[in-house]
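One chain, subunit A, links the two complexes that follow: it is found with subunit B in the first and with subunit C in the second.
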Partner chain A sequence: MLPFILKRLGLALLVAFTVSFISFLLLFLSGDPAAALAGETASGEDIEAIRRVYGFDRPMLVQYGEWLVSALQGDFGESYYFKLPVAGLIAERLQVTMILGVCGISFALLTAVPLGVAAAIRPNSIVDRVALFMSVAGQAMPSFWFGLILIVVFAIQLGMLPPSGAETWRHFILPTVVLGYYAMPAIMRLTRAGMLDTLNSDYIRTARAKGAGEGRVLFKHALRNAIIPVVSLAAVQMGFMLGGSIVVESVFALHGAGYLAWESIARNDLPTVQALILVFSMFYIVFTFLADVLNAWLDPRMRSA
Partner chain B sequence: MTDDTLLEVRNLTLDIPTGAGTLHAVRGIDFELRRGETLSIVGESGSGKSLTSLAVMGLLGKGIRRDADVMRFEDTDLLTASRRRMRALRGDRIAMIFQEPMTSLNPAYTIGDQLIETLKLHRRVSTSAARARAVELLEKVGITAAASRLGQYPHQLSGGLRQRVMIALALMCEPDLLIADEPTTALDVTIQAQILRLLVDLTREMDMAMILITHDLGVVARVADKVAVMYAGELVETGPAAAVFERPSHPYTRGLLRCIPQPGKTDRGSQLGTIPGIVPSLVGEVTGCAFRTRCPHAVPECRAAIPVRGDAAHDFRCVHADGAISAEKETA
Partner chain C sequence: MTDATDPLTREWQGPTPRDMLVAKVKGHTGLLIGVGIVGLLTFVAILAPVLAPHDPYAQSLMTRMEPPVFLGGTWEHPLGTDHLGRDYLSRLIYGARVSLLIGAVAALISGLIGTAMGVAAGYFGGKVDMVVTFLINVRLAMPVVLVALAVVAILGGSLTVVICVLGLLLWDRFAVVMRASTLQVSRRDYVAAARSIGASTPRIVLTEIMPNIFNNLIVVITLEMAHAILLEAALSFLGLGVQPPTPSWGLMVSEGKNMMLFEPWLVLIPGAVLFLLVLAINLMGDGLRDVTAPENRS
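== the complex of A and B ==
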């Protein structure tokens, strides 16, 4: 298991390194950063001055090395718009996004996995049909619309929960439901399909032939094998959620990292966009790595991969 | 039936509802097994051998209807036994090994985990005692370096080794009855003989009864006490192995026996005997002899109810009083 973890870790670092270079290049691919910084009314001399001050006139690799060293120390430069360190800006916004992401994926997993298992135990039963209905509805309903309905019902009509903001834990309930419900259908269906498949397998028949009870058959022998593809999917979704859901953050006025990314793109605030892309990519890399390790623990056949 | 009867099955019927109607997969079969005895069930694939053994285990899939006059294991009525009682029997008193060694072990757990689990499901034993038992059994089934195998996963073993592990798993609790459903069909020919030898030796050594389902009539002739020949869900002939091989009475049994080459009797280079024709559909009402569509001696009466011939020990079902043996000799 340890060699596998080390190998995967090396691979993750390699990907992270590549991604960092690409996100560094982004600053230049989107045009002349000095011109962007100077604004539309600036003269050619102003732009040249800015180019020198910010060091854009030096060789690209030197700039990348410098940028990487600072980034590793948590220094992503200054936001063009806020004139504040990007790192502090992101850290502040990321908090909201991380709470929302963790709550969202937990909500999705805690509803989708039991529902998927229950649906697989009795295919075509009432439970199965309810699960299918919920997953179709979840996929058909746009998040902004579902969010608005929840606000109208629970915040305005019933007055049970606050409609927007991020001050208390109660503010996170509705956004969690919306974000989680968005991820739920895919997890539910994958769990159901995996369980159906596994429950028909020969080793489940062996477990029953040994005299194992139904609970042991389902949870010790079947679920462990059925859940493997779900782990990979959940990791991707988790990465996606930590990248911030612009829609959910906008609807509930939760000013998280997703919202910041959207704002910064609109304002041409390149250092912020660059840093956000780097941070979001790192989340993906970390979760993919964790999913690989978890899957290798679940399925020993993967350890040699 | 006598006192040392271990398993008794009378008039077992299995129906499977399908889109096209009810599939009468197994129809009215009888057999019994005494302690230590080996019964071999033979017949082409699709004749209902696996379903019959799963019915004994209480492991039929959902939707399959089981009906019988008698289904008794020792003192337990298998028809009315609770799920709990069935669980207690399975793996402990009745064990089963399957055709597919490659997929019959859980890929997520070590060999040791799976062996130990079986013993712990039925006995209050410490983990170290269960480990010791697992090592003992792995050695018994001919696996070298048994102790170090406990930590291995199924995918690290060959098919032959996995089937040996399955046998060890089945024997963990010293069952009274072992059901082996084509245990060697999926293995290399060279391994097949070894595994069968092992099964036969172990059943003798442990005084265990066995239901051996196999295509290999050569094996049956050597190891079985009794033979039951199944065709399309029916038992067409049952009896002591010696009697069935000496006087195969049902035309289907004779057809099967002709399928195996016999040293000295079969001409070198002559074609392997096969029974021409296809098995009839068992969906909807099934009457008369199912073999009549392929039988060289079929007569119009084969469509009606078929009498049971022979004696209590060796019987067969055929409209011809002698199973058409005389007719066959004339044409030969």
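== the complex of A and C ==
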């Protein structure tokens, strides 16, 4: 188990390092930070002066090395727009995004797993067809549009929930549904497939043969085994969802890290954007790493992979 | 060769693979619906200049925010007009061009990159496979929306930039699927046979492997096309994709958002069409996977 964890950890670190290099390269190649800092009215000389003061005229690798060394110490530089340390800014905004992510994945699991189980118990029944339709529709639904429709119906027409903001728990209901709906189809399909698989296996027949109740067979014997891959999928989906929260946060004006990313991109605030790309990819890397370890722990066959 | 049109020999031979495929396609409702809708919207996109009742860019301050005909509007503007008085139906029709063009070209670019990587990894294995798998991991760890937004913002939003950025970002699923399919196919006897008679690597890849993984490629192309269309709409909705006045469905939703309180149809109509197109492409992709999957061939 330990060699497996160490190998996966090494790979995760290497991926994180490469992602940080690529995103630095992308932003370095595509933008002129000096011009962005100087503003629209600056003259060519001003921009040149800023370029020298901030060291933007040095080779890219030197700049990257410097950025990486301070990033490893938790220093991501200062935001061009807020004139505050980027690290503190992100830490503060991350709270909302984390709450949203946890709520979203919980919502997805609480709806998709029962639906997947129900669909697997009776394949091709009405429930199965509804579940299939929901998953196909879920994959095609533009999340920003779904969010706006929920705002129109529940906030404006019915007046039940607030349309935007993050003050109370009620503000999180609609964004949770939108973000969770995005992860539902994959979880539902995997639960259904896993349940169908286990329900046809010999030990389920044995359990039934020895007279175990149907509820006991379904939940104690079948679901326990079928849920293993679902848990790791949920971890991976969580990593994806945090990256996808940028759209949801901007629709509902939730001032989390995704919203900060959108603002910073629109304001050409490169240090913040750079740090956010790294933070979001770190989330994905950490969650997939956890999923791999969890998988290997639950199912020793996976350890050789 | 026996005459396939002769009813006697034919009955004895049973249905040809082609007959079985046709029968399966005809029996697959989802696939038929998907192909129908995609075909219709493609037709609309190609014939946009003929079908659109008005110029999609023509503004008219006298006729702003007219409601669609089913909400009491006139047939002059069947789906009403937007906040600048532009005919909504015409913008919707031209928007189909933007969505389909971005989806098709982005899927083509990412398909070329991903297929080359996946086939190389699956065929050569070893170090090549390690490098490709690592690159796939790196790509998956990069937050697509964030990276795409940032690059488009810096380079400036134009149709070309959006297409290139999406094309360069969405190759991961191609690489994953093509790698797995190539691994499977290159273990077959006919590949070993080709190698034993001294066929060159490009020849084996092009004439033995590619034809046998083509089905999977088509499926991934359709699914990634849907993915690219959704992403373009999201980028444009956030104001960092295709720029105004280009008629993009995501942009139309974004422009209608401010008037959503009083005129919800401004948001509902373009979003619904977007949903329909992506749904249809996904149905087509899922259907193609069902009818071409080898386990269903018996």
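Convention: the second predicted complex is superposed on the first by the 244 of 305 C-alpha atoms of A that agree within 3 Å, B and C clash if a C-alpha of one lies under 4 Å from a C-alpha of the other, contacts with A are read in each partner's own complex, and residues count from 1 in each chain.
As a working rule, contacts are C-beta pairs under 8 Å (C-beta built on N, C-alpha and C of every residue); 3 or more make two chains touch, one makes a residue touch a chain.
These numbers were taken from a predicted model, which means no experiment stands behind them.
Novice: Contacts for A:V19 in the overlay, against subunit B (first) and subunit C (second): which applies, first, second, both or neither?
Specialist: Touch status of A:V19: second partner only.
Novice: If we overlay the two complexes on their shared chain A, which of subunit B and subunit C does A:D202 touch? Say first, second, both or neither.
Specialist: The answer is first: A:D202 touches subunit B but not subunit C.
Novice: Now for A:Q139: first (subunit B), second (subunit C), both, or neither, which partner does it touch?
Specialist: Second partner only, subunit C.
Novice: On subunit A, which partner's contacts cover more residues, subunit B's or subunit C's?
Specialist: Of subunit B and subunit C, more residues of subunit A lie in contact with C.
Novice: Applying the document's definition of touch, where does A:I5 land relative to subunit B and subunit C: first, second, both, or neither?
Specialist: A:I5 sits against neither subunit B nor subunit C.
Novice: Scan A:I246 for contacts with subunit B and subunit C and give back first, second, both or neither.
Specialist: In the superposed model, A:I246 contacts subunit C only, not subunit B.
Novice: Once the structures are superposed on A, label A:L161 by its partner contacts, choosing first (subunit B), second (subunit C), both or neither.
Specialist: A:L161: touches no partner chain.
Novice: Counting only touches as set out at the top, which of subunit B and subunit C does A:V217 meet: first, second, both, neither?
Specialist: neither
Novice: Have a look at where A:D299 lands relative to subunit B and subunit C in the superposition and call it first, second, both or neither.
Specialist: first
Novice: Identify the overlap between the subunit B-contacting and the subunit C-contacting residues of subunit A.
Specialist: None.
Novice: Would you pull the subunit B residues touching subunit A in the complex into a rising list?
Specialist: Going through subunit B, the ones touching subunit A are 57, 59, 87-92, 95-96, 98, 100, 103-108, 117-118, 121-122, 153, 155, 166, 169.
Novice: In the complex formed with subunit B, which residues of subunit A make contact?
Specialist: For subunit A paired with subunit B, touching residues are 201-203, 205-213, 221, 224-225, 298-301.
Novice: State the interface residues of subunit A toward subunit C in the complex, per the touch definition above.
Specialist: Going by the criterion above, the answer is residues 11, 14-16, 18-19, 22-23, 26-27, 30-31, 136-137, 139-145, 148-149, 151-152, 156, 243-244, 246-247, 250, 261-262, 265-266, 268, 273, 276-277, 280-281, 284-285, 288.
Novice: Looking at the complex, which residues from subunit C come into contact with subunit A?
Specialist: 134, 137-138, 140-147, 149-151, 153-155, 226, 230, 233-234, 237-240, 250, 253, 257, 260-261, 264, 267-268, 271, 274-275, 278-279, 282-283, 286
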